[in-house]
Every structure is written in structure tokens, then in C-alpha cells.
Amino acid sequence: MLNIRIVSKLFDSGMRVVSRRRGLMALLMACCLGLGSGVAQAEVPNAVAPKGTHSGEHVPQPIDFPHDIHADINGINCMYCHTYARRSKVAGIPPTSKCMGCHSVIATDKPRIQQLTEYWEKNEPPRWKKVHDVPDFVHFTHEKHLQRFVFENEGMNVENVDQVCAFCHGDVKKMTVAEKTKPLTMGFCVRCHEANEGPSDCWHCHK
Amino acid sequence: MQTKDINENIAWAQINADVLRSMESPRMGYWIAVAACLAMVACAVVAEIYQYQIGMGVGNLNWPHMWDIYIATFVFWIGMSHSGTLLSAILHIIHADWRKPIYRFAEAMTTFSLMTAGLFPIIHLGRVWNMYWVLPYVSDRGIWPNYRSPLVWDAFAITTYLTSSALFLFIGMIPDLAICRDNARGWRQKLYTVLSMGWQGDDRQWRNFRKIYLLMACFLIPLAVSVHSIVSADFAMSIMPGWHITSFPPYFVAGALYSGCAAIITLFIILRYFFRFDEYMTIPILEKTCKLTFAIAMVWSYLTLIEFASVWYGHDLVAKESLMERFVGPYSPFFWLMLFCGIICPFALAIEKMRRHLPTMFVVSLLLNLGMWLERWMIVTPTLATSHYPFAWDVMWPGMVQWAIVFGSFGWFGLLFLIFVKVFPSVSMYEVKEMVFHRRHAHRPDLAAKFHRRSSDQQPGDTASGQPRPEGA
Amino acid sequence: MSGNDINRRDFLKFMGLGGAGAVTLSGCDMPTTVTLEEGKEEVVSYLAPEEYVIPGIGVWYASTCQQCPSGCGVHGRVREGRVLKLEGNPDSPVNAGVLCQMGQASLQGHYNPDRITKPMVRKGGNLTEVSWEEAIELVNSKVGAANGKVAMLTGAMSGHQAELMDTYLAKIGGKDHFVYETINNAVAEAVNAEMFGSAQPRYNLDKAGAVLSFGADFLATWVSPMHFSQQYAKFRTGNRGVLIAVEPNMSLTGANADMWVPAKPGTEGVIALGVANVLISKKMVDGSVLPVDALATISQYGVDKVTAETGVGGDVLVRIATYLKERSPSLVLAGASAQSNTGGSQVVAAVNALNILLGNVGKTIGAEDAFPVKSLAPRRGSSAALAAFAKGADAGDYEVAFIYNTNPLYSAPAGLELNGKLAKVGLKVALSMFPDETTLAADVVLPLASPYEDWGTQVPGYLPSEGGLNVQQPLMRPLYSTVKGLGDVLLVLAKAAGAEELNQYADFYAYLQAGFAAMPASIKGGMSDAEFWSKSRQKGFVAVANSQGSLNVKVGDLAQVADKAGSDFPMHLAPAARAGMYDGRNANLPWLQEQPDPITKVFWDSWAELHPSTAAKLGVKEGDFIRVESAQGSLEVQVYVYKGVHPDVVAVPMGRGHDEYGRFASREKGVNPLKLIGGDVDAKSGELALYSTKVRVSKTGRSAEMPRLGGSESQVGRRLVSTVSADVYRRTEGGGNNVA
Amino acid sequence: MRRYYVMGLFSNFDEAFAAISDIRDHKIPGVTVDDVTLKSPIEHPEIEEILGDRGSPVPKFALFGAIFGAIFGFFFLAAGQAAFLVQPSGGKPVIPLPSNIVLSYEMLILFGVLSTLVGFFISARLMTKRHPLYSEKVSLDQIGIMLELDEKNVNPIKDLFKEHKVLEIREEVAR
Amino acid sequence: MSLKNVLENWSDYRKGHEQGGHHDYEHMWVMAVDLDKCTGCNACSVACYAENNLAVVGKERMMKGQGMHWLRVERYWDEPQIGGDDGQFQSAGGSFLPMMCQHCNAATCEPVCPVAATYHTPDGLNAQVYNRCIGSRYCSNNCPYRLRYFNFFSYYEESWPEPLNQQLNPDLSVRDKGVMEKCTFCVQRIRTAKDTARREGRAVQDGDAVTACAQTCPTQAIVFGDMLDKESRVSKIWAKQQVELGKTKQVKANPELRGYRILEGLNTDPCIMYLDRVREV
């Protein structure tokens, strides 16, 4: 890799927001952007959570999918539904058949489930609105991030994958319909890449 | 027939009156000129909006002609900007006081041609809206401009040059702005009060003024040289035949001074005619300018020929090919016209009769400027047309959009200049007074002995400053 | 990559269209657009995908390219339900993983914005969109009333669709299935059948040390270009073979030849006999392999006579003869410009005789393997078929004509006067994807699914060793729900015509499956039906065992037909075929329109090739318009001047000059040289003689910039493409030295 | 004791300078040449001989600015290059001297100029209010000699001015 | 501190291309193109259009020289070495040359980009970051091969009328006006190959990443691979031809070997080696 990365290994990768070598500039940058007001987060081993917040708009969806009921109350692992995340660049919306796998028997009396059943019977998947969108010139791979932070991360329990997801998606457990709570800008990515020694080559992420 | 640089018996009040008169309410002719310039600018604005909306291809830019007359015109305007520096800074340092009546508008020309030139790299960008990316600013994303790129050097150099030359113009104008302040009414008074920054002509101000003016001149001369060297680096740092030429930096600097001087002659004649500045912009001063221009023209001609020779005797066949392409290729008519305007025409400046004839000089100066514009075009385009790679050879003629924007740039420059001459004194009043003062005293040996001594040539018996002088000294 | 053993049927049925991450125009932020906004893009999940379908990851499926009759296997990359890119099928015996420009561009046919999406019926003179039921009913009623006066005019066909078409035709009592291809090898097929007992013998370029091609553009358009390209690569490796091309204007093969010799069309046979004469007279070969009367004919073609007739010098003949002998085994081929003449059969006979003389038969020329299931065998195209159809139509033999995969109104020579003759057919049914000239002249238009949406099989016209039946399977769901596959249409028609044995098949897919199940055990290789079916789809083809037979050589009369003298029209017209536009079918593919022609580098337009001496005589230079006139008409076209054309020839490549055929074909029209061609035929085979039309060329005085890519055509002293002599090559890399 | 500002306006420069010479020569006790402020429409370098070399710190500003500009410029560039995520080196070093020297040179001049300007503004006391005794004549063609002095010296000065053909005398109480 | 970093690693930052550069290369993707096998058939070029979302610009713009042919197949009529024509006819055919970005290791386009939109990746690729590009077009001017193409217009507006746009490859962006673009050695395929190898827990092998042109080439004249992998086909060809990266002039034990790099004397250190075309004389 670039020399720069080798250099950055000279310093401990502890609690800093940005690696020290950018020193003054980083400070300046931080002042300019008023960073550092990150949401309190559970610790993920061998990882520095990216900092930055964004107040997302509410995006109306065809069905008000309650993330809180699934992920928080029922404690379903994120990857149970977003199963492509560990295998592909996109996390994917679960196929309608997956929803129906449970909801052909569970909570069939709820209006949202009836809505879902309607779609299923029409043989037509709901058209969801994308909440977490990166520009089209960005190549982002869920797979690699999950590998780095979950599967290849010693001491990381797959049960706690939501903490890794929360790096970029915020605390989805507390939301019904997902909202964007992280800026997902290049600066956001770059700071995390620096802190966690991710690749710094432009063509890793730009296409 | 004028034989003196300036009439040394001219009353100071007359100087003030003459110059302030030039700033008074404009007449019809002025408004027509403004309207013409605005129309030209409008052409360019329309063309630029069209280009911005549709894409860079509308002006016939193509592969391999990625650059064309935008860059040529950019270099031209940068070159023009060297006039002010030359006249003002160099002649100031060598105490050539005939510069005094004409340096103000030359400096204004510097600033305005830079303001025009600076537009071209922006206009020619494919994604104008991201132009600030060439400036080094601390970014969230941790990315910087590429400092290796001569275009970034351009950005640095032009910013520095524009800042410095604008400040130079402004500093040199402060005493005159004070005069304006003292004579103006209404909004103008408010404006000049702010701009003159409390100038009251006391000795502390003059003393520091002298220092800063000299220092700025010292900064500006190397800056001007570096700016045009850097502009030449856009070409010289590339590996293209016909661009990658070692003598480009001095060649560009010489060309810049040349076109700057030619433009000064043009504007000299225009201002003299329209503002009746016959008393200040005198024929002898024009003659001096012309002689200077002639000398520079000869330097430029020499460098041109040397460039051909060095390419010709060099072993690079591709560069040779590119040179021959200029002589006999599709662009050769323009190349020969450039050589005619640049090398033959300046000989008119060497002939006294022609030099003293204003209409002739006006035409000649325009021809010189045309030659200098063509020179830039003939540097940029033929190299792109015929370079290392034969498959990519192509002849391209700039489209209307490009011409409109280049045309409009002259309107823009003219507009800025027209505004300048009505808002600011285009002849330096205080320096003409100085010139008159010193010339008058030069004819009085007694006064000369008394006043024309500088602190450096102290006579024996002078004591340290501030101490009383012994009796009878 | 490839090789997912899957149930394609279910996949297609349930797959959600669009999928995650539907493509949007991305790229670069416009000044006003903030790309990071929530809720601006939609994301649609699958309904119930298969395990292996993962959004964001491409899956490769095997299918077959239908862009020309050579039948290359392809792999299509499918992501989110859309096919994005085709590659050659590495296992395919035809193309072994490579693909030509037409195959690459066939995706643009599939996604073409000008596809016909709804059935149409001519009502009151205009084609009007109707429902499938109405259109089929109309066809059925007309066919029912036609009393067997039904003709099929199609492009080259094979496999189960052809079988089904035969069944249908038999059921309705029709007897005529005309298989028409403008670019064909039909004269040679006829002569080969006679001389070798094998219409399409197998050529082994890779085994040859020298190849003499008389206009056979085997790298671009002739018979099976991708297969021959592979052989060519081997031919050029190791003991590098020498390629000699004799042709009127430079083809892609000619441009790659070591020795390019210009010849007027029709004189190739004379040259071939001249070479044979040199070989015999210089005692390089034993002439006794040929019968006496053939030798007598050859002895008439002495060097002087050949030079007088063709302008090819004796030294050239000797050089050719020496190469052919020294680099034995060699191979002599005859392509379109040699065949498609009034004496085309004789030319091919001379070429074959040369092969026999050189002892190439059995070495570089072998017998073909017929596909064991006869009903699936290829129906190779010919232009005689079109002439026969035209004749029949003119005579009022057909009440109904089905036209599929061919565009005769564009490609028929003017001399055939097809327009008027076709009008005499009562009901013209076009089974078509595109609004081409013929489709728009039809009375019923049935929109077909693209080859990448449809099922089918194909036996390549030229069957390479280990070749067999190609499987064409859909790579994605049809873009339009209102198009149908050819098989499905035929099945519906056949069922309506009373083919009760077909009632068991719900659709063509079932028919195909049953067809595979019914294959002989020798092909199945011991696999169960289901296994065989899935294996075939996975591989993309069904291979058959190689049993190269021997050829029975028979040499007949070799005398050549003399060129027609015509003082009014002194020049030969060469309507050359080029790989990009092919016979005009690719003119609606923008990628191919934008590709500069390999030889002239002209794009988006037609051109005429002239030799510099001819151009000087006419006083024209590159970019000038010339008028090319024949007895049939005239056209005006820009000139490209170069030394790769015979001075007596004006070459105007075919493929452009469409009146219809969608926005891309008609945007920049170009000209159609076929509209200058007369109705001459090769007397023996009845094939249209496309190269025997004589024309007059004159200057128009108009001039314009040539739409040609590239500045200098010379390297101007740079080492861009440098060339070394073959001796050097053999010293350094010959034999086993090669690693590439 | 009250202090006064007194200013005399002269049209004859020789007389004005002579008046200053008189002050320098202690014609009036208690008034030195250091109390003199000369107001002039043009620059008089030669007057320093009479007024004494009062010096100017502007060159020091220029020197400081230039040195700072060059050093800051170089390290700013180098730091940017070293901290850049990718290096568009094209086979060349990350910190290339030729381009960095060129740019440092530009920064030298830019900072030199800006610093000189600041020095000028400070040392010339610009951007302050004009003196109440300022006369518009000074910007035209008259020379003004202004002194700040004790009450007792006002009249002797006026006399001195009158001796040297003063055109106009203005005075005001200093605050 | 940046300053500290600069000072401590000064010698690293001063290493140029001649000293091996400051990249630790992970791969060095190179090509070998056998011009004797290349038939000039255009298949590579069309494959490139299909793979890389290249815009079709139409006749007028092509004629103006505003086309986007990343891989152009050039054809020359002359052969300086052995003479291409016998005076009257083009008797030894034409000379074809597929030209795509040469991915020079000392690329002249890289240092001149004002915003560093083009740079060298740790894979040895000459990258073009579209979203960083501001369109100064200096890189194209400074490319001696003229292999960079500029989006003079918003080509996408007309290039892919519905539903042609469904063919667009989502693995790379569609470029808007004002952006320079060029051959990327199909970086999206390299990326996929690396991801796949990583997923399968192995190193990238020869043949995992193949460019569209190399894959489709009917005569397999184009060979693509990793130079750092000594076992790869392409590095064997380079070794066999005694052509080395990083040299201005090749010194070959056997000067008759065919390998050469185009305009090598300009010291651009291109990553594509061409093999001479061969003709019988």
C-alpha cells in the first residue's frame, strides 16, 4: 500500500478522531466542521467508530416497516433479513418470500402485514425508497466491511453485528422506518478509513 | 511639436483640474463605448452559458484539440498584464521619471487584463462549478490539489499577481484618491474618503509610502517574471513537441512585455485623444515607449528565431516536424502573419516619423497585439494538431462559441477600463506634479544643489539625523 | 462464473424485475444536484429468488449468439435481472471463448429502442396494433384458406425451431421453405458437394502452412469467422504459416495477408488455374492426381494468358505456387467475390482442383460431420432461394408467406425486382423484432422475443469438430410482455393447423425439453433426461463425437467463363461484406455504426473504395462524391482512395442505406450497393451473381469531409506498428519457442 | 499648560523648507524639528535632510513576510502532499522540489506583499481620521508645516511662518 | 504532526520512479499485444463499449473528433521496416494497432492534473477518478498517445435511449459532461476478481481478472495479467521478449525479439508491450 499507511502505523490507533499525522489540519478541520458530537455507542473491538451525525428526513415507505419491533423487541439479527450484506456489495432488501415466511402465520391481523400479504398475493414486491444512498460514483461493499469488522475481527461476536451496522446506519433498533442518521459523506468515510486503517486508494471506493 | 516630456511650467492646479475633468460626468461617446463593451460581454456571457449547459464541445473543442484559443487568449491577457509592471516597477526603480504620466493606466491595465485572463482557465474547465478544487483548502475529505501541476502553479501565481498588482495600483493611487476626496462631492466623496484611507500627505506617510512603493516594485518585478514563466510552464513542462522548449520562460516573458508595451501604446493614444491629455501623454513620452517596445520586440524576435533554431538543430524529429507544420501546415497563414506582425511591424517603431504620427502608431500597436495573440494561438494549437501520435493528428477551427467568448473578453477588459477611467484618475496627479517639480528644479542649478540631494549622499560635516547642525555649516 | 446448475424456468417465473440497485445515470454530480438525498431512488426486492441470486453479483448463463449463422456460444452476465455483457463461451467448439464485434453488439439488438413490441395487422393500408389473438386468428384463417399455397422465407435456421417449422409447413400442406442469406457460401457448397461429396467440408487452417484465399474473408464474414480466427491464431504461431489473399478489394483477411494480390471479380479461377499450371509446369507437384481433361484445361492457362486476362504477373503466380508447395500442406479457399459471379461454380471448381493438386484433401480439408438428428440439421442459406421465392411469388404461387429473420426488401438485388413480386403474395406475415423494410411491408407483424429472451437450439452451418447442437436459452425475462418466442408462435400456429401430436406441449419450452429427451443415447452419453437437459443448458451446447470421414474426390470441367464485355459500364462493382454491418442486419446497432470500418476507418456512413490510379483518372480524392451507375440505377457516395483495391473495381460495402430499420440505421443513411446489382446468376447453381455487375463511375463535383477516424494513415517514422520479417520470427519464436 | 497645533501653509516650497531649517536651527527655543510634521502634495525625499532621517519599519515587515511566506509555503505544500490520501506522482517523488520551490517562491512574494502592506498601514498611520488642521490645499499645491507645541511657542512660530511668507495659518487646541 | 511526518519520512517521499517509487505495489497489471495475431477486427473495441458504458456519440460528433473510443484500433498503410506496398498495391496488407491507455508507470498525464484526479494506484494502474475531475483536459494534452477522451457533451442524454440504458454496467459510473475518461484496464473486473479471491480466501490468480478486450479477442492477441506474478502468462511473455518495466531503452540479449513498447523513448514506461507484426518478405 501507500507509504502513508505504513507511516500511520507508527502511532497507536486508540481514541483519536483522525490520525495524528494530520495534526493541525485535522484540528482545524474538526473546528470547521464542529465534529465530535457522536452518539454514544457500544464498543466494537479493534474498531474505531466513525464520527459524525446527520439529521435525516422521514422517508415515506410503502409499508412502515418497524425496525424496532424486529431488531429490538424480538432481537432479530440484522443479517437475518439483510442476508446479502455479508456476501455482496449491497445489503439488499429481503425478498418478499422471506417476510412471508414468518408473516403467513405471525401477526396476520395487523394492517401492515395485511398490506404485505396483498403485495405477495399480487406477485409484486413493494417498491421501497432508498434511505441510505451513496452517490453513483461510489463503490461501497457491505461484504468487505462486514468481513473487516465482524467475521475477521477477533473478539467480535456476530450477535452484536448491529453495533457495526450502527457505524453507518445509526441505531436502527430505535427506529421504525429507517432514517439516515450518519452523513455518509466522503469525509465521514475517510475519517473512518484513517482511524481503522482502511484502504486510502481512490479507486477502492470510486468507480 | 512637443519636444519636452512635459511642460514644466504647468500649474499644479491645472494638473488637478485636467485629470479631475477626465473623471467628470461622461459624455455620449463614453456611453456608446460602454454599450459596445457590454454588448461584447453579453455575447461572451450567452456563449458561456450555452457552453456551460451543453458542454465544452460546442466550441469545436475535440480530441486532440483539448485546448484552443481559450488558453491562447489566457496567455495573451497574462502577457498584456506585464505592461504595468514593466513601466511602473522597472522604470520606477531605475528612476525613469517619464513613466509618471502614463504608469497609472498601465497598472490598471495590468490588473484588468489579469482579471480577464483569470476568467479563461475557469471558462475552459469542463466542470466550472468545481474550480475551487485547484486551491489548497483544508477539506473534510483530506484531499489537496496536485502541486506538481503547472495549472496549480498558475492558480497560485495568478492569485499572487492579481493581489499584488491590484495592491500596487491601489497603493500608488492613495495620494491621488486623497485629491479626489478633497474635490469630490456626494457618493464619490464617500467612496474616496474610504479609499484614500485618511491620507493627508504628511511626511510620515510619504516616507513609508516611498518605502512600500519601492518594495512593492521590487516584489513585482520577479513576480511578473515568475508569473509568465509559470504560464510558459503549462507548455514547457509538458512533453509535447513544440511545447517542451527550454527557452519558453524567457520567450514568454519577452512576449508578455512586448504585448504589454504594444497595448500601452494603443491605450496611450486612445486616452490622449479622448481625454485631451496632450499635456501629459506627450509625444516624447510616446516616443520613449515606442523605443522601449522596439527594443523588446527585437528581444522577442531574437528569442523566436532562437527557438526555431534550437528545435531545428536539436535531434528531436517530432519537434522538428511540429515546427515544420507551423511553417507549411494548415495553420501556416496565421503563423506567417504572426511573424509579420511580430517581427516586421515593430520596425515602424524605429522610424521617427512614424513614431510621432499617432494614427500610424495606433494601427501599428494593434498589429503588434494581433501578432502577439496569434503567437499564443500558434503555440497552443499546432502542437495539438501535430504531436507524437500521427493517428491523432487533426486540424480544427475554433467554433463560434470560442470566438464569442474571446471577443467578449475584450469587451470585459474594455468595460473594466472604462469604469476605471471615470472612477479613478487615469493620470497620476501627484507624480506628474513631482515630475514637473523636479524637471523645473533641474534647470536651476542652485535649487538642484539644494534639493536634489538624497540622504545617501550626505556632505561632509552632516551629522546624524535629528541632531542640530553646527553653526555655519 | 458459469455453471450454476439451476432450474432456469423457476428463476424466470419468479424473478422480480429491476431488482436491487437498478441502474441510474450516475457519474458526476451536476452542479445543481445533491446526490446524497434520501428517498430519491427506489429499491425493489426480489419476490422469491433462488439461493444463488444475490443482488450486486453477476451470474453468467450460457446461450447462443444469433447475430450470424455461425452459431457462437456466449455467456451472458446477468445482474439484477438484466443481461449486461456477453462473452464467448470458453467451452464452445465454435468460438472457444471469443466473440466478434457483432456478437458483442447483439445486446443492443436485444435492448434496441426500435423493437416491435405489439402484434400489428395491416388495416386500411396501415399497420395497426392488435392483440396476439386477433393476429394469430387472421393468420390461421388465411393459411387455412390458402390450400397449401404457403411459403416460408427465412434466414439460416436449424434446430428445434426449424423442425417445428417443418412440422407446421407439412401440416398446412406448404412445400416451400426458402432459406435466404445474402452472405452465404452456397456456390461452393454446391460445387463441394459435387467434387468432394460434402457440401461444407471441414477446413483446418491451423494445420496448413500456407493459405491462399480467393476472397474468402474467413476472419470477418466467411462461414464461421470466430472459429477460423482461432485457427488463424494457431496458424500464425510456431512455424508461422503464410497467408495469401487474392481479391478485388481488401477484406479484413486480405489486410492480414502476407501477400495481397488484387484481382477482378470472376478472374480468380483463371489465377487458380494459372497457379496450378505453374505448379505442374515447374514440376512442383505431381499432376497425375487430376484427370487428363482437367490437366488439359490447366495447361491452357499458361502464365502469359493468365497475366493477359487478370493482370497478375508471372512472378506473382510463381511466388504463390512456391509458397503453396513449400509450406505444404496448404489450403485454398474461395469466398464471396470468387463465387458470386456468373462463372462462380467454375471458379470454385478450379480452386478445389488446386486443393486436390496440392494434396490438401484429407490434410487440411476433411469431411463434415452431420448432426445425428437429421430434423435438426442446418438449413444453410443461399440467394438462389430468394430468386426461387421471387419467381414463385411472381407466378402467384403463394397466398401466404411467412418471413422470418431476413430482410429481402433491403438485401435483394435490384435486378430481382422483389418489391413488385412480393406484393403479389396475398398475406405476408413477418415474424420480426425490428421494423425493417420487409416487416413494414408485411400485412401481419408478429413481434418476436430477442434471442436472449427466447428458447431454441441451433446446429451451426459450419460444424467444427466436436461441434453439435447449440442451446439458446433466455438470459432474462422478455423486456416486453407482448412479444413471443419464435417457437411459441410456431407451436400455436401448428396446433391451430391441426398438429395434434403437439398438443401435449404447453409451450415451446416443453417441446424443447421433450426434444432433448428424445435425442439418441449416443448423444446423451448415458445421462438421464433431466441430467442431460440441465447439463446441456449449463454448457450451452450438446457435443457430438468426431468421426471425420474421408472425401470422395471428383474433378469435372475446369474451364472458366469469360468476363462479359461491356463498354458502357467498364468497372466492376464489389458489394463487399464487412463484419460490422454484415448484410445490413446490424445497421440498427449503434455500437457497430460507431465502430470505424477496420480497413477504411469510416464510421456511420457508406463509402466507395477506389484505387489511386482510378481516382486520379476520375480526378477525385478522398471525401469527394462519385456517382456509381449500373444498368439498375445509380448512387452517390464518398470516395476512399487507397491501394487495396483493383484499379478496375469500385467497392461499395453493403449494409447501409436502409430506408427503415429504426433510428440508428436511418439516421445516417449511407447507400445500399445491392440496389445496383442486376439479376445475373451463376448458371450452374442458380446463385445470384453479386459481383458480376458492371458499373460506370463518374465525378459529381461534390465533396465533404470523410467520416473517417484518425489523422495520419502513415506512422511518420514512429515505431507504432513495426514489422519484422518472418525469417526473424522463425529464428526467435518459431517451432516450440512460443509461449503465448 | 495647553498644547496647540499650529499649521502654516506655504506655496513657495523654498520658503517652507527655509522655515523648517529655521526650526531645526533652534530659532525658537523649546521647539525642535522633531515636532514638525510636513504636509506636502508630493513626495520630498530631500526633506529628510532637514527633518532628519525618521526611519521606516516597512522593509522589516517585507523581510519577515517574505521569509515566513517561503517557509510556510514549502511546509504547507509538503505537509499537504505527505498527508494526501493518494499520490498523483506519475513516477516522480511525493515531495518534488521543483514544483514546491516554484510555489514557495510565489508564497514568498504573496506573503511579502501582504506583510509589507500591513507594515505600511501600521507605520504610515493610515486608516486613521485626518488631522483637524488638514487642509485641502495640501493635496493641491501648497505645503503645510504643522507643529504641536506649548501655548507659549504659538506666537513665535506664527511670526516665523510670517517671516517666510506664509499664506495661511491654522491653529487648534490639542486635546 | 504533518511537519514531523514530512521530516521523518523525507527520504521515502523523495523516492522517484527510478528508485522503485513510493508505492508498494500489490499488483502490476500489464498487457502484451501480439500485433501479428491482431487482425484489426474491432471486437475488442465493441467489447470495451459494452463493458465500460462508452457513449455512442453519432456521426457529426465522431467526425468532429469527439468520440469516446477508449480502445481504438488504428490502421496504418505504411510499414517503415519492410515497406507495406509494392508501389501500386498494398501488397502486405495493413498494419493494425489496438491502442488503449498504456497505464504508464511514469505517466505524463498524472503530474499535470491540477486536482489529482488521475494518479497511480497500488495496482500499477493509471487511475482516473471521474468525480474528482474538473475537466482542465491538461492530461489529454500531455498524453503522447492521445488516449484520453473528454466528455464534451452530456452524451448520456442521447446515447442510450430507453431501454438501451438497461444494458449499462452498474459497476462503473456513467460519465457526465466535463469529465475526462479513458481505459481503466477494466478496473471493475479487477475489483471483482480481488473481491472474489478474498472471499474465497486465496490470492488473485492469473486469469481471474481479464479485461473485456482480452477476453473477447478472436485471436487472443491480447494477454492481460499481473507482472508481479512471475507465473502469469503475461509476465512470461514479457520475460520471453526480454522487455522490462522501468527502462527507457530495452537492452535485449537477443535484439531480434519482437517485444517493444510504443514511444518508449519518451520515458513514460508504458505497461503494454506490443509484439511486432510479422510478414513474409
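Of note:
Note that the chains take the letters A, B, C, D and E in the order they are written out, and that residue 1 is the start of every chain.
Heads up, the rule we're going with is that contacts are C-beta pairs under 8 Å (C-beta built on N, C-alpha and C of every residue); 3 or more make two chains touch, one makes a residue touch a chain.
Just so it is clear, the model here is predicted, and its values are computed rather than measured.
With every chain reduced to the mean of its CA atoms, the largest distance from subunit C is reached by D. Located most centrally within the structure is E, per distance between chain CA means and the overall CA mean. Among the inter-chain contacts, the highest number of C-beta pairs connects C-E. Chain centres computed from CA atoms place D at the largest separation from subunit A.
Per-chain CA centroids place subunit A at a distance of 52 Å from subunit C.
Mean C-alpha positions place subunit A and subunit B at a centre distance of 57 Å. Averaged C-alpha coordinates give centres for subunit B and subunit E that are 44 Å from one another. Computed centre separation for the pair subunit C/subunit E is 32 angstrom, with centres defined by C-alpha atoms. Residue positions of subunit A touching 2 or more other chains, listed in rising order: 2-3, 21-22, 25, 87, 135-137, 185, 190, 201-202. Contacts with at least two other chains are made by residues 79-90, 92, 94 of subunit D.
Each of residues 2-3, 5, 9, 12-13, 22-23, 67, 72, 74, 76, 97, 108, 111, 113, 116, 119, 121, 130-133, 173-174, 178-179, 263 in subunit E touches at least two other chains.
On subunit E, the positions that touch subunit C within their shared complex are 32, 34-37, 39-43, 45-47, 49-51, 56-59, 62-63, 67, 69, 72-82, 84-85, 88-97, 130-131, 133, 156, 159, 161-170, 173-176, 178-179, 192, 212, 215-221, 223, 233, 236-237, 240, 254, 256-258, 260, 262-263, 274-281. On subunit D, the positions that touch subunit E within their shared complex are 75, 78-84, 86-95. On subunit E, the positions that touch subunit B within their shared complex are 61, 64-67, 72, 74, 76, 97, 99, 108, 111-116, 132-138, 140-142, 144-146, 149-154, 177-180, 263, 266.
Looking at the complex, you find that subunit E touches subunit D at residues 2-3, 5-6, 9-10, 12-17, 21-23, 104-111, 113, 116, 118-121, 269. Those residues of subunit C lying in contact with subunit E across their complex are 21, 23, 25-30, 58, 79-80, 82-88, 95, 97-101, 103-105, 107-108, 111-113, 219-220, 225-226, 229-230, 232-233, 236-237, 240, 242, 245, 250, 252-262, 323, 479, 579-580, 590-596, 598-599, 601, 603-605, 613, 642-644, 663, 667-668, 705, 707, 709-710, 713-715, 717-729, 731-733, 739-740.
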